[in-house]
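Have a look at these structures, which come just after this line.
You will see two complexes here that share chain A, one where it goes with chain B and one where it goes with chain C.
And then the complex of A and B:
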């Protein structure tokens, strides 16, 4: 502790020691599997023969994945679900955050609202999917409510829900007694349901991040805007939104990465639509990961790790390309940004 | 920098998920049965030699996915106190047990004895990692083990590689009240006559419907999918080709008829509606009861599925063979080929699955926690209650009387479930089993559902099924 140099070297050495457990952990549990996945995506890892020698088979796995119409179709599905969930999520989060942080409205009990909106995020998505599977059952609570309000009858008679999606339950004498909508058999409904649950689970968390971003914007900017006579809309589009760019970028990227990987809710709905749940749909709402698990991992002996690895690489590529495009777009906006601000500052 | 970080982060997030399940790197297992076994059969262990109590010593390592087998290990120690038993329990959630076992084989560091669930027993029976226990066939015949349970543990080369202590045939549970309302007779003999074949089953369903339109033969058509798969004349994969047996293909018609004539209540197995129907608590949206006549469930379905959910309908149930003989579930025990303590391993399999004394104790609830604690005070609160149907015709006959007064008999309106399942087991045949069956049958069930829901016509549904299996098993001959 006498000389600066000695102190420095000591700290350096200890630094390595301190980060070592983390680095070793990452190397073993993240880096190695990733490298191994890349390698395996080129191998015949079919898991079918016990003594099988893994050998390289070029791009065969990728070719099979690209020829798998179900998987290729799921790329569009994944985007659709992400979009249907993200647009309302960011829209509502922005709106509520503006209200919550508004200097004019000065809403009370913001903390309570924020907590309530955040609560769904504490639930396991799988649990929520299971819950909704029960709620939308043919004779489940939602169907009972809709029938007793007369909505089911209207949906069926107006043709909004087609005939083969409606269960007409016969009474003792055979005459129609009641009807229920077979929600699980309507692909559009189930797709919307997945997006809705995603939205419901995540908008609270987005609000918190957006609010944090908004409150970090200097109040003096808003005050000077008021002084200059700017309205709510102008303030939002000229001050709040531009200055939220880093936060928005963070939300977009994390949501996109998460959205491309979504599996639990569509997987459970998909199981619910298959064996054991009559009235189920084919998996029109199956996302990329769902198809990968269902087709390449399913069954102890039918799984094909090589194909699964190749599919994983495709999912990775889709996400990576989307993220790069996103960063690129945000960057274009960023170049203009400082000039405007500088000009304004100069003006003030 | 931020961009780089974001890219790196997204890379790790994406890859993190994608590889999460891959970590058992290339530990190839084996299904299809056409592959050469991994390790040649170990030199035969003298399996038939009589072993006196306390004669064995050394170690025994048992791996299991269910704590049922732990009860067996403790009981085994009672007979062989000098054997040092190590019991390792790994649940098979997310294939954990199976992956551990595959990795152990891969690393050449295997346990002596393993328990295998019906979902993956074929995989290990076919992949050549289990010891050939064919020499125990005589013993198995002696206690009257049911052939189909032995068949499941028999590899394609004819060698027996795993034995089971229980028998899990499936029957048809029905509601006596509905039978007497409709036919004026609720006896199992009469009801079996009504549902003895596929055609009779359909005719009976129509009679129920004609009597009162709110009575449904089954909760959903999916109930009889699995039983029907047992009727296949050939395996799903024959000569490296996917074969759709005509029996299985007829499911399209049968399911469609049930759907179109409203003979099923469209309440899936394991759904909330399904469970509430056991208790006559299943109502349509207008609040009127939907009555379900029958359910396809095996031995364990009675104490573990129906009875806990049907406290208001005790005595209103009956059990018959039904139209399709089938088996559902079960736990098998095998010794590993490279077991370090081969002799003890074989003796344990003999004790657990082929010893009449042990099976009798197992079925009649002798293995209480107190009993087991007296042998090994360190064990947890494990025990085995009475009621499991054991894999021995001799014992099933012997124990009939014991179960005349059991809770299950009250529940079934005086019918002895042990006798009933014993009779069903006697008629059950299981052939053409392959490791990949579960996956293929899931996909086929989806195809039938798509067809009866009007989403695809029959040819489209079959084509979608074939292409799904083609994605899963690309190495088959698809020409």
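And then the complex of A and C:
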């Protein structure tokens, strides 16, 4: 339909005018910062207001970043946190989407559940981090619940939580010798907590996208498979999953790219209410961006934008390489896809 | 017969699982709201699912607590978010409209650029962006928070998808014959037609800007200019309010209450919008 009406070249000139603000904006606010970052990563920009003369110092910044154990450690931490939140996220999204779209189950209140599941995604990460800090605090509701259920006592006496992680807190439901677990001082717990909050924030969004992908698969495909005697598992692995490939690819790439940039939750966890200050648990859940900002951008003794830019380049490279590998893996899988199904995919 | 019973048991089990997940989503927020109305003493005593009567007391503590002004931060956040949203929606729609209806040399390039850029989050080059801010003399100002909204690749992509289904070329052509200018066509014909999509996009742009902690955190220094997430971070940082649990919970509740209210009212638009932005490659 489009293109049949000849608009004439005179009118088409307006196309330039209308996209110009966007292109100029991209040049200034996306391209220029990237170029800045590349250049700065080779300079001795040790001063945040750039008043000193910038000299090129070769690869010194990169060398310093690669020698920084905290930063190099944070690469693994970032992957760990992403993986810990993504696997349950996609697993639960697939399971729930199958249930929600199942013609056999015919569940009710799907809309309400979906609306509730998506709610966390809209919340301010700063607030969410603050809220969870308070929930798991020594006087927080989770500790009270665990104590009332007797779980805290059991965790402490069985040695699962070591003695120096347990605090006597008078006043939980009036008990003078009540105990609470100092969750904030347990590094493994805090790493898990960051991953859990990331899951909590994003699983609802993933469900909606997967569901939209599933409902766009033609019902007749399922019906004919059902008539042919295919079971639920076969239908899922042979029809649903292959046809969901574009949707899955979208979710994987956006989640991975976003996951490599995680900062709000671990950063605020690292500064909130004394978490990590005494015991040094801070680095356990510090992601790449957190370390970059904390060590190179804000750190009073090590403030160095050249180093921050080099670290930024490493984060950029990690993200880019991961995405390329991902696209490559998904492409290999694509060739195995039966051709008949491929032809019907168009709508997704 | 037995198959039906099996399905009913399965269905019941599924509902239990769904309710548990729903509680995981809601309970933290519910506890926050309830605790915002309770005194610190009550909160320390134990959990309650019933609100108490200390809302005003908590507000007074929060309001008088040092130099932080939560209401001022709220106003700052509203100003930044509203301007950002307006700019994002207007310029992204304009750009998507041009890509959709005109044939010009940079059309393919622009579309390719959009598809490429939605993969790259702005955070990637934050250090380079900081240098831009310093070079332009924009440190401690709102310009670097608002102006980049002109170039929102995600929003352009969203509108491109949206316009594909609602542009009526005949209508545009007719308006042109009637002597309407190109910008006039965009304002008078295209914008009303695209209003529902623009509305959906506006919600996402607003929430994105409202929740943004990282960029203002690096750029703003003056406390009067702080945005809401920054003030929340300072509050949970724990120096001023560490012992005042009720006030702390209230501060958190205030920062997300607007979003929850908007969501309850507009959840239909929001949920359909997510699927629309993600699908149809």
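Worth pointing out:
By definition in this document, the second predicted complex is superposed on the first by the 304 of 348 C-alpha atoms of A that agree within 3 Å, B and C clash if a C-alpha of one lies under 4 Å from a C-alpha of the other, contacts with A are read in each partner's own complex, and residues count from 1 in each chain.
We take it that a residue touches a chain if its C-beta (ideal position, glycine included) is under 8 Å from a C-beta of that chain, and two chains touch if they have at least 3 such contacts.
Because the structure is predicted, anything quoted here is derived from the model rather than measured.
Once chain A of one complex is fitted onto chain A of the other, the partner contacts of A:40 extend to both chain B and chain C.
In the superposition on chain A, A:177 makes contact with chain B only, not with chain C. Contact with chain C, but none with chain B, is seen for A:264 once the two complexes are overlaid on the shared chain. Contacts of A:114 after superposition: chain C is touched, whereas chain B is not reached. Of the two partner chains, chain C is the only one touched by A:21; chain B is not.
In the superposed model, A:103 lies in contact with neither chain B nor chain C. Of the two partner chains, neither chain B nor chain C is touched by A:325. Once the two complexes are laid over each other on the shared chain, residue contacts for A:297 go to chain B and to chain C alike. Within the superposed three-chain model, A:219 lies out of touch with both chain B and chain C [touch as defined at top].
In the superposition on chain A, chain A positions 30, 33-34, 36-37, 40, 45, 48-50, 134, 139, 144, 148, 171-174, 253, 257-258, 261, 263, 272-274, 289, 292, 297, 305, 308-309, 312, 315-316, 319, 323 are in contact with chain B in one complex as well as with chain C in the other. Within the complex formed with chain A, the residues of chain B that make contact are 3, 6-7, 9-23, 25-32, 35-38, 95, 98, 105, 119-120, 122-123, 127-129, 212-214, 220-222, 225, 259, 262, 264, 266-273, 282-288, 290, 435-436, 438-440, 442, 445-446, 449-450, 452-456, 464, 467-468, 471-475. Of all the residues in chain A, the ones that touch chain C in their complex are 1-3, 5, 7, 11-19, 21-26, 28-30, 32-38, 40, 45, 48-50, 92, 96, 99, 104-105, 107, 113-120, 122-127, 129-135, 139, 141, 144-145, 148, 171-174, 200, 204-205, 208-209, 211-213, 216, 246-247, 250-251, 253, 257-258, 261, 263-264, 268, 271-274, 289, 292-293, 297, 305, 308-309, 312, 315-316, 319, 323, 348. Those residues of chain C that touch chain A in the complex are listed here as 7, 10-11, 14-15, 18, 21-22, 24-26, 28-29, 31-32, 35, 43-47, 91-92, 94-95, 97-99, 101-107, 110, 113, 117, 119-132, 134-135, 139, 147-148, 150-151, 153, 156, 169-170, 173, 176, 182-183, 186, 207, 210-211, 213-214, 218, 228-230, 232-233, 235-238, 242, 245, 248-249, 252, 255-256, 259-260, 263, 267, 270-271, 274-275, 278-281.
Of all residues in chain A, only 30, 33-34, 36-37, 40, 43, 45-52, 54, 64, 68-71, 134, 137-140, 143-144, 146-148, 152, 164, 167-175, 177-180, 182, 185, 249, 253, 256-258, 260-261, 263, 272-282, 289, 292, 295-302, 304-305, 307-309, 311-313, 315-316, 319-320, 323-324, 327, 331 touch chain B in the complex they form.
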